[in-house]
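Take a look at the structure below.
Labels A, B, C and D are assigned to the chains in the order they are written; within every chain, residues are numbered from 1.
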Amino acid sequence: MNEKIGVYVCECGPNISERIDIDRVLEEISSAEGVKVAKKFGLLCSNDGKNYLADEIKKEELTHLVVAACSPREHEQTFMNVCLEAGLNPYLFQLINIREQCAWMISDKEEATRMAIKYIHAGISRVTLHKPLLKKELDSIPDVLIIGGGISGIEAALCLAGKDRKVYLVEKTELLGGMVKKFSELLPYQGSNLAVIEEKIEQVQNNENVEILTSSEVEDVRGFLGNFEAVIKSKSNGSGTKEIKIGAIIVATGFKLFDPKNTPQFGYGKIENVLDALEFEEMSASGKILLKNGNPPKSVALIHCVGRNEKGYCSKVCCLYSIKFARHLQDKLPGIDVSEFYSDLCLPDKADQDYFEEAKKKGIHFIRADDFELKEKDGKINVEYKAAGGKKDSIAVDMTILAPAMVPSEDTSKLAEILNLPLDETGFFKEVHEMLDPISTPIEGVYVAGCALGPKNIPESIIQSQAASGKILSSLIPGKKIEPEVKVSEIREEFCTGCQTCLSVCFYGAISFDEYKGISVVNEAICRGCGSCVGSCPSGAIRSKHFTYPQLYREVLQALR
Amino acid sequence: MKNPNVLVIGSGVAGMEASLILGEAGQKVYLIERKSLIGGQTIKFEEVYPNMECATCMIAPKQQEILQNENIELFLLSEVEQVKGSVGEFKVKIKKKARYVSLANCIGCGACYEPCPVSLENEFEEGLSKKKAIAVPCPGALPNVPTIDPENCLRLNGKKKECQACKEACMFDAINFSEKDEILDLEVGAILIATGFGLLDVKNLPQYGYRKAKNVYTAMEFERLYAANGPTEGKLVLRDGETPKSIAIIHCVGRSEQGYCSGVCCMYSTKFSHFLKHKIPEAKICEFHTDLCIPGKSHQKFYQKILNQGVDFIRFDDIKVEEKNGKMQVIYKNGNGEKAKFIADMIILSAAMIPGGDTESLAKTIGISLDKKGFFSTQSEKLSPVATAVDGIFVAGCAEGPKDIPGSIAQAEAAAGKILSILR
Amino acid sequence: MTATQIDSNKMPTKGAIVSAEEGINKTIVDIFKKSLEKKCFDAILIPVRVPETEAYAWVLLKDQSLLDEANPLPPIISVQGAKALRSLTKRGKMTQNIAAILRPCEIRAAVELSKLKQIHLDNISLISIDCPGAMPLSDYLADPEKSKKIYKNVLEKWGENNSVRPVCHICNRFSLPSLLPRKSEETSPVEQDEANLPSIDLHIGLLGGNQEKIFLIPVNPKGRKILEELELKSDDSLDIWQTKVSEVQDKKEKIRKEFNLELKEKIEGQEKLTAMFNECINCHNCMRVCPICYCQQCFFDSGALTLSPETYLSRSEKKGALRFPLDTMLFHLGRMSHMVLSCVSCGVCEDACPMSIPVAQIFSLVADQTQKSFDYAPGINKEEPLPLQDFLEDEFHEVETPKEVN
Amino acid sequence: MKQDFKPNLVGFLCNWCSYAGADLAGSSKLEVKPYLSVIRVICSSRVNSNLVLNAFLWGADGVLIAGCHPGDCHYEKGNYYVRRRFALLKKILETLDLEPDRLQLSWISASEGKRYAEVVNKFAEDITRLGPSAFHTNPNI
């Protein structure tokens, strides 16, 4: 044994010194194997304390440091920094929590002292097994792949592209703009006129740092944050595939509408002049709001929540665009009679309610109803419904506009497979954490923005694109290396039998299988060090650095002295 | 040359998120917080819908990061006094109130609370518990360092000049009565406003009987009432110590007065029911709502689940609370216009979210406009939903309007994104 | 219904009945000779008697003349068939079509190993056979002739002659096609039928044939194809076989219940269990022969658990004495926690135990309980995920400390 | 009931929720019985039978595994896997009647300092009642 372990007990003023017999502690542990010095100090986290520790490490030429003080959650980092300054690898240090978990929760001084001694012994016998872990640094590529050329994708591209960051914008159709292109107008407080969109499209097209790949799809993606490789296949005039290297990926593949044919009661596809929302957008964009017979409608019914029950969620935006339609109809066809059929009005944004009140003032009827049945009746559409309170009623109109639920776009599941991303029960992409991390995925460096994550209005989609950009701008800085987690898992090849249990439990896809060697391989750039794989491996073939079996066993043994 | 530093006002989930992203990007961040602790409103919650996750567990790691990130300079008990200049070169005056307890010296042992002779209402706990004139708002508050309340400290308010009970109890020489408020000058390139929200003061809506009928609570009071680190350590009891047997939760309190839907009340009220059902299975719970606003792909499922647990959801037109011989009753007209009443021994008011306390004055100091609801307005009509009318000044979270947590976080990340892209 | 009950209307109802005047063994052997002729397999994996000895070995046969010494149902299990299959395909899938004729427990072990990526089942036709059990290795080695006689009788009197190994005597999984894996609620009935077929192609039914005929039972399209290639019509009714299987099954279930009750009595609790494992000499043979113990280095052999001398001293101080070999209990419980959910109760561990500790009986008992609690049937269907590689968000709350502690 | 008996308890606590909960119990000065030795792991899913059984064989009278509440796992799914591993181990001990109560799985969040104290104290009481585990007192093991 040539360890020179220094053990330092912090008095933490009275907090530890009054509740634990520190002198007895020192006496007990100073004889432990490998301990060179065992001392106490008033307050080790103070500047004096930190300087004192640093000096001690140098003076005593310590090989390992054990500090008995407060919780690692308080000052582990503090003392690791002290080690760094004093030229000791910070992982050759162990902080023992004798304040929160001894002094403060055990009133009997005897007992508190006994436990403290246990913990410190555990720390001493553990620390000798610590390995001097080193931070790795990986080069990273700042460039970004954005999948989907709708408003979200465009916004992200504009936010990210710059002289030192190239953006590849991949769109599967021929032109940029996505769904918004089809709209006739936007809500006044959500992009007053479509010129705003056109501007953005133009900006992106004129930006020499954005490479636009229309009629293209992503075929394959490999790699990790900072170092992804993607294969893009172009459908236009067989120009084949293209390999690109990027550091991050934003998925912005948007949504499509629920097909109202799946809810026959609305007569969509059977009855003339029953349109879905997008069809009406295009109709009004064309400027000709006409019935099949060429005449303008005199009365229109707008039905909300089509497919809501079937899908099990509220699409949030339908109420508002339906009101938008109603007001548009009134402007374009004065005197027209418009009725809105809703179940619950969803007006969550601060300006929504005013917009709705105005519509009501303009004489648009709002009827809360369900159980619809649309029938053709002498050239008109007869909308039968059950009004609030259960009374059956009906109204005959020239035209009906359905507001179907928003659902994931076709290629969502295919893309999920390529990128190895989870979908949620609604079929949209699943955020890694619904609350705290609403645009990230389990794969670091891969983000999702806009309606690919779920129904959203335009500002929200833009916010998410800017959010994804923010994450990328701060984690992928041109010329700056990325530092992956240090306390990761590693495979001990000689023990791995290749059962791949670890692959099945790793949430981050950090483990892959080496067919040639027949063993699992941990990608340290992806691993977050949770140790699930270690726990799941019966052979003990995975080592979680800094939490190895021998290290934990030493703690167990000391706990049971 | 542009100044790359950023001023972030408010340390709630939005302010923290933005600061962390900017800090990680290597930007110098000045994070200004009016209160003595960071974390904003979210740390008051026990769990958050729809997955009933523990809010503290979610937020604590972020708070730790904020305190440890060397690019983030935190100013607590601080407010913006003045803003001059323009994008890339703002000059900001900050007023930093005295804490009288040294962040450097104090180790948060709490030895100083006990000896303090003053006991007063703890506003962090919505007045549901008492605290001393020197105290942290709640266990687990970060930074875990108390503040002396100068209005109530006998020494500082001059009522008992010689009192130094706390100073005597402190072994770390952390108490400094002579500490003075300071004015600090900062220079930044961009400013992010994340001052969050407040709740409509329901005292001004007499029909709900708040502070008149004995067991009417605001949503925020209830959040603390069931928080494990709250005044009752999560035990659900009425003011008289009784366990409630029938509970009414009233949505849309103040919606018509404010003229907007706050977007989150339906969900958190449903969350309350979920919690109540779990704690007091036999309790009768009734949610009084108008239009249910439950957007978001997982929210309706959650609502359905609670519905199936036997919670009543009643649509009301108008509603009021009365107390007759000790019994509280909710008198309402239901969706079909029929009058009815519900006897409740606990009533929870889901009140409208309103702009945070200092919004108006802050808007004046910074010189930007508010919308007609009193929130900071963005150029959303130009599809720029985090940028204010003033170049280089951004807004995120509930300062811009009512929002849920992910909404606030996304907007904060967006603001950080915009700032990073204009500063590079 | 539990994972392994019989659901007669789920059992294959049609198959080919082949007369067996020349004895079951020869009949089966001839069929596989023909299968080689007809090129419906390129090779056959089957137990063969080692010439001039009483030993049996697994042989991968390409030359049909060598089949004469083959015996699909030898009186003993010397090497667990799954282990043979593993050594064949651990490094990759078969490049030619192989037929593997194994006992049900061997097949099930093979399927578990395929889930554990230790066996590639591609291009392998799994062919199972009604199994009356095997003789204890020790008995057989002591007097092979006698054992063979007894075994003949075992074959004639299904389930009545209990000179087979105890785990065989209480085995309720002796006929694979009757075993149905768990139904997952998600899958529609249609899918279920497909997904829930046992992972074998062909089954050789002996029950109900009283030595005069055997039943060739296709379990899936592949099995039917094999019979076609052998020019066998698979439209004979299987009623006789089915009724007999169910009959024996019921009998076995009963025996098993009673047996396990008695066993529980014998081993339950610290004291008794310790007594049971007291003879253990820590040779770890049970682990080495176990098909499911697939680790190339057993954690409990890995030296990870060797401690410092002073630790042993302090342990002996605590107990008053420290017994060697060390940690036998740790080894058995540890091994159990690693493999028991996949344990197929094949009994080779017990055969291999030099101290004749009833390892297999104990493990089989625990296997029953644990597998039931996970609603898992090892080795029936290769699509059914391994319990520890899977989870439901809402389950096992009974093992959690309740929200209100007191 | 053995009054003088002081059980040796080992607790594997996840770093993000349960260890924080324990700290909160401390900083709230809640009284906790001095029998449980805490071992910090990054996620409860790091724990498996290898660790637990050894703890027992080496002298633990009880083993506690504590992690984030289901759904709260800092690594999203970890605690679901450990729950299954635990359920298996528990079932084995039950079947062999090896005092399964000596093994406990608790979800304790960062804000549940009080719960931490309650869980540990209750556990300590129960084990005290059970007395020392034969695993390490019986010289024949």
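In this text, a contact is a pair of C-beta atoms (placed from the backbone, for glycine too) under 8 Å apart; a residue touches a chain by one contact, two chains touch by 3 or more.
Model, not experiment: these values are computed from the prediction.
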Of A-C and A-D, whichever chain pair has more C-beta contact pairs: A-D
Distance between the centres, which are taken as Cα means, of subunit C and subunit A, whole angstrom: 45
Subunit A and subunit D, separation of their C-alpha mean positions in angstrom: 32
Rounded Å distance, subunit B centre to subunit D centre (Cα mean): 36
Centre distance in Å when subunit A and subunit B are each reduced to the mean of their C-alpha atoms: 24
Per-residue overlap in subunit D, given as positions that touch at least 2 other chains: 20, 27, 29, 50, 54, 58-59, 71, 74, 77, 81, 85, 115, 136
Interface hub residues of subunit C, defined as touching at least two other chains: 299, 305, 338, 388, 390
Residues within subunit B bordering two or more other chains: 51, 53, 58
Pairs of chains satisfying the touch condition: A-B, A-C, A-D, B-D, C-D
Complex interface listing, subunit D residues touching subunit B: 16-17, 20, 24, 27-29, 68-69, 71-72, 74, 109-115
Subunit C residues within the subunit D interface of the complex: 267-271, 273-275, 278, 299, 305, 315, 318-323, 327-330, 333-334, 336-338, 340-341, 362, 365-366, 369-370, 373-374, 387-388, 390-393, 395-396, 399-401, 405-406
Subunit A residues within the subunit D interface of the complex: 71-73, 97, 99-108, 111-112, 114-115, 118-119, 122, 432-433, 442, 487, 505, 507, 528-532, 534-536, 540, 544, 547, 549, 552-553, 555-560
Residues of subunit A touching subunit C in the complex: 494-495, 497-501, 504-505, 518, 536, 538-541, 549-550, 553, 557, 561
Parts of subunit A lying in touch with subunit B, wherever the complex brings them together: 12-15, 43, 45-46, 70, 73, 77, 151, 159-160, 162, 188-192, 196-197, 200, 308, 312-316, 344-354, 357, 368, 388-390, 424, 426, 428, 431, 434-439, 454-455, 458-460, 462-471, 473-475, 477, 480
